[in-house]
Amino acid sequence: MQEILSLAGANLISPIILSFALGLAAALARSDLTIPEAVAKGMSIYLLFAIGFKGGVAVSTHGIDQTLILSLIAGLILSFGLPLIAFALLRVMTGLSNIDAAAVAAHYGSISIVTFVAATSVLQGRLIDSEGYMVAVAAVMEAPAILSALWLVARSGGGGKMEPGLMRELLLNGSIVLLVGAFFIGAITGEQGLAEISPFIVAPFKGVLCLFLLDMGLIAGRGLRQSRGVVGMGAVGFAIVMPLVGAMIGLGAGLLVGLSLGGVVLMMVLSASASYIAVPAAMRVALPEANPSVYLTLSLGVTFPFNLTLGIPLYLAVAQIVVGG
Amino acid sequence: MQTHTAKRVEIVIEAPLENRLTKALTEAGVTGFTILPVLGGSGRSGVWTREGQVGRAGMVQVVCLIKPERLDGLLDAAFSVVEKHIGVVSITDAQVLRAERF
Amino acid sequence: MQTHTAKRVEIVIEAPLENRLTKALTEAGVTGFTILPVLGGSGRSGVWTREGQVGRAGMVQVVCLIKPERLDGLLDAAFSVVEKHIGVVSITDAQVLRAERF
Amino acid sequence: MQTHTAKRVEIVIEAPLENRLTKALTEAGVTGFTILPVLGGSGRSGVWTREGQVGRAGMVQVVCLIKPERLDGLLDAAFSVVEKHIGVVSITDAQVLRAERF
Amino acid sequence: MQEILSLAGANLISPIILSFALGLAAALARSDLTIPEAVAKGMSIYLLFAIGFKGGVAVSTHGIDQTLILSLIAGLILSFGLPLIAFALLRVMTGLSNIDAAAVAAHYGSISIVTFVAATSVLQGRLIDSEGYMVAVAAVMEAPAILSALWLVARSGGGGKMEPGLMRELLLNGSIVLLVGAFFIGAITGEQGLAEISPFIVAPFKGVLCLFLLDMGLIAGRGLRQSRGVVGMGAVGFAIVMPLVGAMIGLGAGLLVGLSLGGVVLMMVLSASASYIAVPAAMRVALPEANPSVYLTLSLGVTFPFNLTLGIPLYLAVAQIVVGG
Amino acid sequence: MQEILSLAGANLISPIILSFALGLAAALARSDLTIPEAVAKGMSIYLLFAIGFKGGVAVSTHGIDQTLILSLIAGLILSFGLPLIAFALLRVMTGLSNIDAAAVAAHYGSISIVTFVAATSVLQGRLIDSEGYMVAVAAVMEAPAILSALWLVARSGGGGKMEPGLMRELLLNGSIVLLVGAFFIGAITGEQGLAEISPFIVAPFKGVLCLFLLDMGLIAGRGLRQSRGVVGMGAVGFAIVMPLVGAMIGLGAGLLVGLSLGGVVLMMVLSASASYIAVPAAMRVALPEANPSVYLTLSLGVTFPFNLTLGIPLYLAVAQIVVGG
């Protein structure tokens, strides 16, 4: 416990977390600080490219593990399955309509790549290795949750049919393509490719992440300010319980698959995190009746900061106890 | 200068729906449209702004100039997409140069 | 398709005034508006462009669709903000779908 | 509130021509205009989008509010530039506040 | 004198100044070279974050000086007081209306963070240390001048009443929040935080500054081209005399407060520089009748390049003579 | 031959080329991956500034070669002359109208700065030096081809008169001004200037180039998708034959002028490459009747990837055989 707290404390005063807090505070205080949309998108492209590339290089260096396929399958199952658990929890803990609950559930089955990146950063800071292909697992977990959510809605007769073209859109979503593409470029060019571009994708990475989290803080704060009263205490409770539940299931999956300590932590983080970029856009197409304030407030306003500050160190501590190391 | 009667239809719609809208318009025989960016706005679903957004967030404004007789087809097509979604549609009477284009 | 008479008000105003304008509009009972970015322009106060600007420079265009009977309230509210400032206001007759929204 | 009759002219034109258009307008005595960015569009020359473009690609929308009696001069000026190029021109009847500005 | 000239000469052929000159020349020659608004804003966010952070780290390393509070108070007094001097000078030297003169005065009481950054860069190049908290002094000097200007207008019965909400807007202005926020992040995370993100905020800093100054040159050149005839010789004279006056007052303040050589130079630069980002926007709200061409031409078109090229080396030389070192 | 193939192979699996391929594939698969316009423009400004600056520094270090003037003259002649050859080839190989053929010809007389940058990168990777002023030759070759194209059209009575102001616009084109301006800044500030900003313009250069080529791939792919059927096989053939012809002429010019191996390769690359940024915009003004799909598809969709993948290693191999070294 002591250790968890000191870990969490160390985590809390990193520039990354403090940048997020700054953005959050600025937005709540109604400062006019904003980051231009193009710059925010540019940073997200940079982060996806860098994280994908580095994952690919790691695979090219360490070779393809036997557990690679198992991990991808585990990711798929988790992404399909977690929304069902989330949906059940939401039915118990909140009074959300079927459609809103399904939309929220889709977010929690999918993942937040920034949370993943922040966790990688914490692992690196503690010199804990992780499987490079966890990036590919992240990519695999982006979309399936949406299908589960649509199925949940269809089952209860609430529409939510699969729009023609939506499936292709989901799979060829810009972030997935960039992450997977950069992964393959990294895997093909390997250490030599990395050497060529590492002053771009390795050295300044954490600094860019700070500014990106500043932006996420701004957006989260703005969302929280506008959604006062939209989400009840039950929903907020869900947004903290669900990541814990997800992380435990991710822990089990990681152990079953046989991942290293770092890999297990990342699997927990993927399971615990909730999407707030790709899935919201998909929901506007597939479940337009669902209220965006609800799912954005929960995933970006509650779960994201929870994971960033307390979640990641907690998952790491738990994994260290279970895995040892 | 010779001008021709036309309708100017302006549709504010969520960005993730843009492709579906332009596809529906094209299928309804609309041959031209222009898409303008939108910075932010306010409506029944609250206030929003594009600032700092990363995904396909926000809205766009699609502008179509068409011959008056094609208006109904266009509105049907637009409505089929906008119906369940956030967004507004307005129509104004306009004059255009070079009628052969519409 | 059933359409309803409305007014389309388009206000070009300096960006630093945007919040004051939308606040005044909201207080005047305007329930919806859309904000479009502006790249540049020219008027009595000279030529300007957004290129390379860093601060809250430039202008924005605020578009409101409203029921005709609310036009006067809106114009009063808009005028109170635009009055001393750089900016232009235009009103066109429009038709809208889904009148319940305005 | 006192309003005045005006014409609202909206011209969608290729970005590399923007300067030539605004110069022609100014020479025709147009004292004010506003330039809006355009994200993309579709017409006889195909579909295009601004995304990822590097040069002076794409189009812009130039909006002019003018006194009705100046419309013909403006259209002649605009047409001289738009004539051989890609682009559309629409005119709507509008009301403006503060007529002394146009 | 000899030394001042050689210092000024060395300053003039730095990539930073030449980039500004390139932008200026390109705009005056009516080249279509432009930097997108989003990129310019992105660079300014980067610069504010980096300069704030580094200031905070410096404070965390060197400890909080006794003079910190005194410096902040001096900054406040300067920002409130300089507009009064500027206004008096403007009344003597130019035929500007009360309102235009007050608006210009507000700009000269406030500061230009880019001039500050350029001065820091020159100090670093000469290995002269300065107090990290001068960044906080810069933040403190941003807004008060606006109040003085409004008071000047109100006194002469010219309107300019304090708009409701304007005060909050001024204090929670994006640049102030970012600068102060990054300062605190730097102060909290210290050297360790800096080590994590220095490949982002230290190494490429000067290069980014070059491109940013290219943009400033473009804007200044465009402004100069459009404002021919708007400002008379008297006003141009003011825009060169006022920074000299400001610098001398800043020198006095710096000495009184007991700053180091570097700190004195920065205090001079802050007093000598004029705002061209935050104050113009505030003036559009608070004094809409004032003509933007006048104040932008003077602050960005004349004073900014003057400080950048001749001012900074001059202030440094004077401070070296007075302080010794 | 063996060597050319292995060179081409090594070239093909560089992160730069693979990033282009990723963009191309994403666009052809209709992924919604896009890079914001402002970010793309920002990257192009960065690349032009960096390449110009480094060229200038090289000149300041190695001194001005006797061949500098000759190279500039050679560049001028090539840019004026290549469109005539291109036009003749187009008349033979395709059924394009006079106007379309002239517009395409203008593109092939001008240059692609990204192809130039990629070639520089390959040379550096092989530790082959090149004349720094080749950047200035690139700048000189941007515009003249447009005049030749207009002359070709005028000769055949097809309009295309020189618009008033167009000449000034061409010469003061943003990219030319930035490239030449940065070149002079580099030349003036020399090694010392470079030392100050090299963590910005040298270290991350290749990484930025990757993202920029990702964007070029996206645009090229989108263009190819939309222009199916617009260009025939003859035109595609031209877009591969013309760079080869251009490269051979560039080889001759480089040898005549007396350039080093690296310089010869760059002269070949400049002659072989076709513009797709500056010239298309100029064509919209000067030859609006020409179909943009045709010239963009050929220059960006065919010639650019051809040069990037096969062309550069081929030109290098040929130059090595001819020059030796």
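When the chains are written out, they are named A, B, C, D, E and F in that same order, and each has its own residue count from 1.
In the analysis below, a contact is a pair of C-beta atoms (placed from the backbone, for glycine too) under 8 Å apart; a residue touches a chain by one contact, two chains touch by 3 or more.
Since we're looking at a predicted model, the values are computed, not measured.
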Among the remaining chains, which ones contact both chain D and chain E? C, F
Which chain has its C-alpha centre farthest away from the C-alpha centre of chain C? F
Among the chains, which is located farthest from chain D on the basis of C-alpha centroids? A
Taking shared residue numbers divided by all residue numbers at the interface, is the value for chain A and chain E over half (same) or under half (different)? different
As a quick test, compute the distance in whole Å between the mean CA positions of chain A and chain B. 34
Can you check how far apart chain B and chain C are, centre to centre, with Cα atoms defining each centre and the answer in Å? 18
Whole-Å gap between the CA centroids of chain A and chain D: 45
Residue numbers in chain C touching two or more further chains are 36-37, 56, 92-93
Going by the touch rule set out above, which residues of chain E reach two or more other chains? 32, 34-39, 41-42, 199, 203-204
Once the touch criterion is applied, which pairs of chains come out as touching? A-B, A-E, A-F, B-C, B-D, C-D, C-E, D-F, E-F
Which residues of chain C touch chain D once you look at their complex with the stated criterion? 10, 12, 36-44, 59, 61, 72, 75-76, 78-79, 82, 88-93
Residues of chain F that touch chain E when the two form their complex: 36-39, 41-42, 45-46, 49, 53, 168-169, 172-175, 177-178, 181-182, 184-185, 188-189, 193, 196-197, 199-201, 203-204
Within the complex, chain F is touched by chain E residues 13-15, 18-19, 22, 25-26, 29-39, 42, 199, 203-208, 210-211, 214
Interface residues, chain D side, partner chain C - complex: 1, 3, 6, 8, 22, 26, 31-37, 60, 65, 92-98, 101
Which of the residues in chain C end up touching chain E in this complex? 14-17, 20, 45-47, 49-57, 84-86
